[in-house]
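In what follows, chain A forms one complex with chain B and a second complex with chain C.
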Partner chain A sequence: MSGELLLFYVVAALMVATALSMVMARDLVHGVLFMVGNFVLTAIVYLLLQAPFIAAVQLAVYAGAIMVLFLFVVMLLGARELDMREPLAGQRFWGLALVGLLGALLVFVTGEGVPAAPPAGLAEGALAQAQTADGAWLGADALAALPAAERAALDDLGGFGSPQMVGEALYTDAYHLLPFELVSLLLLVAMLGAVVIAHYPARPGAEAGEESAT
Partner chain B sequence: MSGIEILEVSLISAAVIGALLTGFAYATWFERKVIARMQARLGPNKAGPAGLLLPAADGVKLIFKENVIPAAVDKGMYFLAPLISMIVALLAFAVIPLGDPIQVPWREGLMRLGIADFNVALLYVLGVSSFAVYGISLAGWASNNKYALIGGMRSAAQMISYELAMGISLLGVVMIVGSMSVTDIVLWQKSHVWLILVQPLGFVIYAITALAETNRAPFDMPEAEQELIAGYHVEYTGMRFALFFQAEYINMLTVSALGASLFLGGYALPFVELPWFGDLAVLLAKVVLGMFMFVWIRATVPRLRYDQLMDFGWKVLLPLSILNLVLTAVGIVAYQNWM
Partner chain C sequence: MSIPPGHFLMLAAVLFTIGVAGAILRRNAIIVLMSIELMLNAVNLTLLTAGRAMGDIDSHVFVFFSLTVAAAEVAIGLALVVAIFRSLGRTEVDDISVMHG
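Showing the complex of A and B:
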């Protein structure tokens, strides 16, 4: 077992532990913190997959920004102690059943249905070259197995998973550019919606500097 | 990476942490001394020559303080919060290059002076620094004290607001250099020109947001004494309080070093090649300059009101940083096409 794989198992075990703790924490603030821990561990998995850019974004955006907002809301609304009764009848049973179903599905997909060819759209990109003969996509071993010329081409873009490469894929490749722009549009609409909801007409006679500051 | 390189990086990390902790001790002395001179006082002068042993005296005092843990605090969070603050403060320094790589007698090749150099370094810094919010807001929440809670809330809102402007102000630098690695940015400035000349607006925005991110005057709202007693750390005593204090000063050292590396040429001087200890001395001098600015501003500018702070962040700094981004993009395209 390589050190990389060992580290993966340790991180994966911790991820499952933090995810379970998050769901089961009675105190919502603790739950938020477990989720932060889970996101940090996810960033480590991205690092193991040779994707430092995604790892850094995961830290900055999810663990850093979004979870702070979660924490903020939980603290402000003061919803600390959860009501432990089940809001939906039979929730636990159906939850467990669906988890089992998802698990079976994952085992089936990873065990049987691995696509032999890389997904469409990736085929022309340098990403596809990181795939080894047996269809594995994982990590440094796959990269090390590349022929020297192809590795050099990757290094020209700053290496596999570098910001340059992610940028090239996102902004020059029509398979990614269109979805990316659509998502940007969606975020813009959400942002405008938030502004419209938060904006209220100024009270008559109110002074300009008097509005609430949040 | 061979075993000996891992050993080298570990030793450099230990040295940097040691330097930051010493730097923290003397930053407190420096601040008191400089502020005292600005207010026509003498400042600390009793413990040792020119008061130089004052940090040691402070440390001994804090260690021997009684450790008061208020009733009804959330114990786990209460102990965790200062640790988060401290660890996060130390982490961000990892990407700052301390000098040109040097020849070492014990192996082939060059040894890097600095802990890490990777191509997403700036994103890493932004990510890690946004974790500082957790330390402060959890401390405020776990203390079970309304003043602490309000202090923690204020700091969370403040840091989120100013982080945006800070990140966007750094984008100009990234666009010009074409890399997010701090080492690449320093090398670019070595071969071209200091980025403060190309990005004056970016530098000003960075400097202001750095004040806000480190919770320093005039943005020290989270600990406004008159309204909040001391804000998020009011329920902390002894060394646990000292950890927050340390985190604040180490954050100041880090943003000074980062600002020096991004805008003021880092460890390099224009036109001169220095040996490795010269590089270190130049970086140290620039960090001291940054610390002096921090202290100078604290002695000069009164604290903002909270709504002014929010207005300034969202309505002035953020649009300005976006303007800076657009101007930089236009400038780069114009330069590439017409020069």
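Showing the complex of A and C:
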């Protein structure tokens, strides 16, 4: 077993463990911390997938900003022991049964793996040709088989998944221009919406005309 | 040296299932939000795996957008949780039944 595969198994086991602990947490702060652990481990898996830029964004956005938001709200609302009672009779049984069914279905479907060749028209770039016939990774071996000119072009960009390559796809491809602008608009609306929702007085009659304390 | 793509897909499937379980079995709104984040993460992992298997950098762009939308969703969701806590004093999803007719 290679070191990379061993690292993957360890990280995957830890990810499943932290996810389960998060879902079953009795204390909200513990739940948030398990979630952060899960996000950091996800970044490691992204690195294994040759996506260093996305791994960095994952750490900055999830393990940084979102963790602070969650912890802040948990502290604001007061961290208390959670109510673990069953709200509806039989909810836990039926919920677990249906979730088990979904899990079995997903595992069955993903057991098929990814298609050996990309569907026609999906991958037209030079990189698609780097793929080997049996659908193996675009790894070092496949890259070694690339024509020298294309390898040099890929190396100029820092390799597959590098920030340069993502940036070039994001900013020079005309198809990504509109989504990029829409996302900036979405962030603005989300920011304003969060301020408006959280700022609105809880009981308009009781606190009319004055700002609420929190 | 390489890890088969199926391993990553299997991990994503398990994480997504755990996220679904948390979203439908837990009552606390913050735990439900965190479970939704877990499901989003699993989908991102699937996207990156497919992009890696096909050698297509566009998957990274998709995941980048997906992360942005997730950040916006968390901001709005937590603002809603704070607003609900201030009007009801609780954050259990079963108690948010003002509009059930």
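Criterion: the second predicted complex is superposed on the first by the 143 of 214 C-alpha atoms of A that agree within 3 Å, B and C clash if a C-alpha of one lies under 4 Å from a C-alpha of the other, contacts with A are read in each partner's own complex, and residues count from 1 in each chain.
Convention: a residue touches a chain if its C-beta (ideal position, glycine included) is under 8 Å from a C-beta of that chain, and two chains touch if they have at least 3 such contacts.
For clarity, every value in this text was computed on a predicted model and none was experimentally measured.
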Partner chain(s) touched by A:169 [first = chain B, second = chain C, both, neither]: second
A:76 touches, of chain B and chain C: first, second, both or neither? both
Chain B versus chain C as contact partner of A:56, first or second or both or neither: first
Touched partner set for A:31, first chain B, second chain C, both or neither: second
Partner chain(s) touched by A:22 [first = chain B, second = chain C, both, neither]: second
First, second, both or neither for A:64, with chain B first and chain C second: first
More chain A residues in contact [chain B versus chain C]: C
Common ground on chain A, meaning residues reached by chain C in one complex and by chain B in the other: 53, 57, 65, 69, 76, 212, 214
Complex contacts: residues of chain A adjacent to chain B: 27, 29-30, 33, 36, 52-53, 55-57, 59-60, 63-65, 68-69, 71-72, 75-76, 158-159, 162-164, 209, 212-214
Partner chain C, residues of chain A touching it in the complex: 2, 4-5, 8, 12, 15-16, 19-20, 22-23, 25, 28, 31-32, 35, 38-39, 42, 45-46, 48-51, 53-54, 57-58, 61-62, 65-66, 69-70, 73-74, 76-77, 82-83, 87, 91-92, 95-96, 98-99, 102-103, 106-107, 109-111, 113-114, 118, 122-123, 125, 127-128, 130-131, 135-140, 142, 160-161, 165-166, 169-170, 173, 176, 179, 183, 186-187, 189-191, 193-195, 197-198, 200, 202-203, 212, 214
Interfacial residue positions of chain B with respect to chain A in the complex: 74, 76-77, 118-120, 123-124, 126-128, 130-131, 133-134, 137-138, 141, 149, 152-153, 156-157, 160, 163, 180, 306-307, 309-311
Chain A contact footprint on chain C (complex, rising order): 1-22, 24-28, 30-31, 33-35, 37-38, 41, 44-45, 48-50, 52-58, 60-61, 63-65, 67-76, 78-83, 85-87, 91-92, 94
